[in-house]
Amino acid sequence: MRYIPSSTAERKKLLQVLGLDSSERLFDSIPAAYRLKRPLNLPPPQAEADLVAHMRELSRRNLDPYESAVFLGGGAYRHFIPAVVDHLISRAEFYSSYTPYQPEFSQGTLQGIFEFQTLICQLTGLEVANASLYDGASALAEGILLAHRAKRRSRVVVAGGIHPEYVRVARTLTSRLDIEMITPPLGSDGSASLDTIESILTSQTAALVIQQPNFLGRVEDVEILAEAAHRVGALCVVVVNEAVSLGLLRAPGSLGADVVLGEAQSLGVPLSFGGPYLGFMAVRSEYVRELPGRLVGQAKDSQGRVGYVLTLATREQHIRRERATSNICTNEGLCMLAATLFMATLGKQGMRELALQNHSRAEYAKAALARIPGCRIPHPGPTFNEFVLELPKEASAVHRKLLARGTVAGLPLGRFFPERKKDLLICVTEVNSRSQIDRLVKEMEEVL
Amino acid sequence: MTEPKASYPADLRYSKEHEWVRLEGTVGTVGITFYAQSELGDVVFVDLPQKGRALVAAEELGTIESVKAVSEIYAPMSGEVLEANESLRDQPEKVNADPYGEGWLIKMKVTEPSELEGLLTAEGYKKYVEEGGH
Amino acid sequence: MSVNRHPPKRREGLLFERSVPGKRGCDVPAWDGPVAGKLDRRWTREEIEGFPELSEREVVRHFTRLSKLNYANDEGLYPLGSCTMKYNPKVHEKIARLDGFAEAHPLLPDEAAQGCLQVMADLEGYLSEITGMDAFTLQPAAGAQGEFTGIRMVRAFHEARGNPRQVVLIPDSAHGTNPASAHLCGYRVEEVPSDERGCVNLADLKERMREDVAVLMLTNPNTLGVFEREIDEICRVVHSGGGLVYLDGANLNAFVGVARPGDMGVDVMHSNLHKTFSTPHGGGGPGSGPVGVKKPLERFLPVPRVVRVESGWRLREDFPDSIGKVHSFYGNFGMHVRAAAYILANGAQGLRRIAETAVLNANYLRKRLEGTYHLPYASASLHEVILSDRNLEKFGVKTLDVAKRLMDYGFHPPTIYFPLIVKGALMIEPTESEPIEELDAFVDAMIRIAREAEEDPEMVRTAPHTTPVGRLDEAAAARKPVLRWTPGETSGGKG
């Protein structure tokens, strides 16, 4: 009740103005049968200090992120977030405001989106990007829907190596529409096999979807895969889970990708047990009218001053209704702003250095782990900051023993792939120190 | 700015979906009416069919987008598309400024000229609009 | 007269325009290990062309200045209808940033994430009690995604009985996401007209409730702020035809703690944590749209689900009838934490008081404005009121103009031109978070604007006059879209 600014006396006064003798009368339009005769069965209200204590105690039931070494990736990445990000997204003008439908009062938000759109275009090498989507998985679903609309074809080849949860979500979100998703397995080297893919691409394929780096951490040859897609007139859609990789890897747009989409959580958005995250999508300019979600464009007022507005809104649900390109309404506003701040703060050089360091640390760990007797790297091709380590025994048992010692040794892949029960997906970023990595190697050796 | 008065050129025929057609021999020129463009607002994009596409009376042939709405365009008569107004790609505002002239949408070969009888005359359309238009 | 909002004295250009080669705002943590041999040039890029290079100081300046171009909920009334722009408690920000929550990786083993799972289980429980539904999923990232999830489950329910059916019924006053969501589930939409009270036309509904109707999507109170009094009969008609009732819970703030959708016959619904439950709107997101169901639909809920075992909580996938997954992980946990904290801070009485005050404030505004502005429906309003510009038509002043002029008075405008069934609609929802002074100031401004419409209509039609930019040419922006900065082009506004 401390959040309600009117006093009892003031509320009485308003009731009087309305000619009502009690607040109960405000609900006369609700049939009496539905009006609760009892208070809701909820815990008693907590004062702020008690609330914080309670929530802090709950948060402590999780693994302590600073007392343990965590080597997890798999679609969510631990990166250092500069203090500037949180400081600026905490400004009430940014977080307490609404979608910028009244542009004269929202130029801060709108310009921020315009800058984000530009940064995503620069990172991906494509011409136009939207103001963000819910997360990487729904971005994939939207990308598939876009290809279906743009090409008027109903088959989509989803290469092995796309994040398995993304594929599940994409199936759920597109299941009722006339779209067939074909999912060939990866090649034995842990990357998408051109031969396999070429054999299933047909003139009915709307898109070939590949992930870069793929779920096993391998760098894919986007250029030859894009060519194969284009030969049958299909779009090449590249999914990115780890956006920091774009600081080092070639922009997919420059390699033939028509759509680049995925997850930008790595760029300044906290892990937060899986959400809120930040989906993104960029496309070639000819597909701009098919782009789902919000778009901000430049505009001028009558005095020639430059401003920013939501534009091409007729694609969206609130005007097209059932003919909309999607049903999406919110974007991930504040997460998008966090990413813009992160990219602006790191800048051209910082993004490259951050990516190089991730790569160096992961390579160091990879080499050291591979030297452990019985362990090997089953897919020795190029990787960014994630790789598969094959153990001599069942991975989840080893993982549990290491967890008891305060180390989260990556992700046991048997969870997603029954044939990979001995494999761990290890991710190393700049928050994993050398001593943490050395300790991981030492403990792994001890446990095996 | 003074608003131009609504107009209903007498040499045209009109559909209840607010398209007009001007028939010259077997060639029909199709567009949307003054009333339609004023309801839509400033037109920003027009999506027109390719040359050669078959048209069936009352079926959708394309869409018109304004800042605040999207509207389907329906073929007033059956036939085949001869030409689409490419200039609307760069200047969609012509649809607002001159809906019966430079803002034409397509030219078509008309295969069933008798369908003209089912369309409204200028008088009939004017009455239709004044009574609510739907 | 008008409140000046102090637009900034200097125009702020784009980030990219103040970029200077060699600058950077942040150093990457030191690495004392070997630097990896370079990846083959085939895979690597030279540099990110056009990416900005700025010092930390300049980044802070730029975004601080940008923030001042925004109006904030923290500075004044933000009466957007059906958005529920209520106060965002600051302690939530502190709680969401606790290390144990903020740094929790979603793929941690369940045993290492018990705190997060407890929060989610607690929130599911609170929402069930508040709404009268039997079970919840917290996965949908927003209301619209919640709608999709709910309708998808409806479809699964009908499919399990041998016939998915074809049609979704939606009132003509509904939010645009409703038909879009239905279409995504493979359904056809039929509109049910509203009657003169602004409510669902029951006779029409009876006629339309055929065997091919899967579900009626209802908002209650509807987008006119009016409670569908006949909900009992509405649900009976739909149920007796074998269909289900979906509730769009966007307007829950009108009766939270006072009544429960689950008691009214609703089979499935979504709620909006960023509306009723105070999580910040963030300039357009992130939101969260948990979906609640009655028992018959529980087996279709998305997986994984938070399940109680002897030693604590687990995320379980073994629900073979589940519709699948709608989020990469488990939904927007950061918003779950905030909403749970909000419910704990308020308790049952607090929630009820919220609904009372929200409805009180909205009716106060209605009472004070209905003489000046046209009131299209006489039915009782709950938490929001719809007015229109009909009384100003004779002066050539429209709803859009009133909205723009309100900005000169220092208020964010209400929602305009929605719902579509009211021509020139102004949809006003003050929420419970407004003191009387703010409500009176808003009424004052609205009345003055009505007078200005009569005495100086041109001034209203060309408003706003005191904001950083005036009305922008949206048609030109849509005809020749400029959607990004390109090197060699300027924003034209710097300095």
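Per-chain numbering from 1; labels A, B and C assigned in written order.
Just so it is clear, a contact is a pair of C-beta atoms (placed from the backbone, for glycine too) under 8 Å apart; a residue touches a chain by one contact, two chains touch by 3 or more.
Model, not experiment: these values are computed from the prediction.
J.: Which two chains meet at the most C-beta pairs?
T.: Among the chain pairs, A-C has the highest number of C-beta contacts.
J.: If you average the C-alpha positions per chain, which one ends up nearest the average over all of them?
T.: Chain nearest the centroid of all protein C-alpha atoms: C.
J.: Rounded to the nearest whole Å, what is the centre-to-centre distance of subunit A and subunit B, using the mean of the C-alpha atoms as each centre?
T.: 45
J.: Centroid from C-alpha atoms only, then distance subunit B to subunit C, rounded to Å. What do you get?
T.: Centre-to-centre distance between subunit B and subunit C: 38 Å.
J.: What whole-Å value do you get for the distance between subunit A and subunit C if each is reduced to the mean of its CA atoms?
T.: 20
J.: By the touch rule stated above, which residues of subunit A touch at least two different other chains?
T.: 314, 319-320, 323
J.: Going through subunit B residue by residue, note those that touch at least 2 other chains and give them in order.
T.: Residues 44-45, 65-68 of subunit B touch two or more partner chains.
J.: What parts of subunit C, by residue number, touch at least two of the other chains?
T.: 474, 478 - these are the residues of subunit C that touch more than one other chain.
J.: Within their complex, state which residues of subunit C touch subunit B.
T.: 417, 474-475, 478-479
J.: Per the contact definition, I'd like the list of subunit B residues that touch subunit C in the complex.
T.: The contact residues of subunit B facing subunit C are 41-42, 44-45, 65-68, 92-93.
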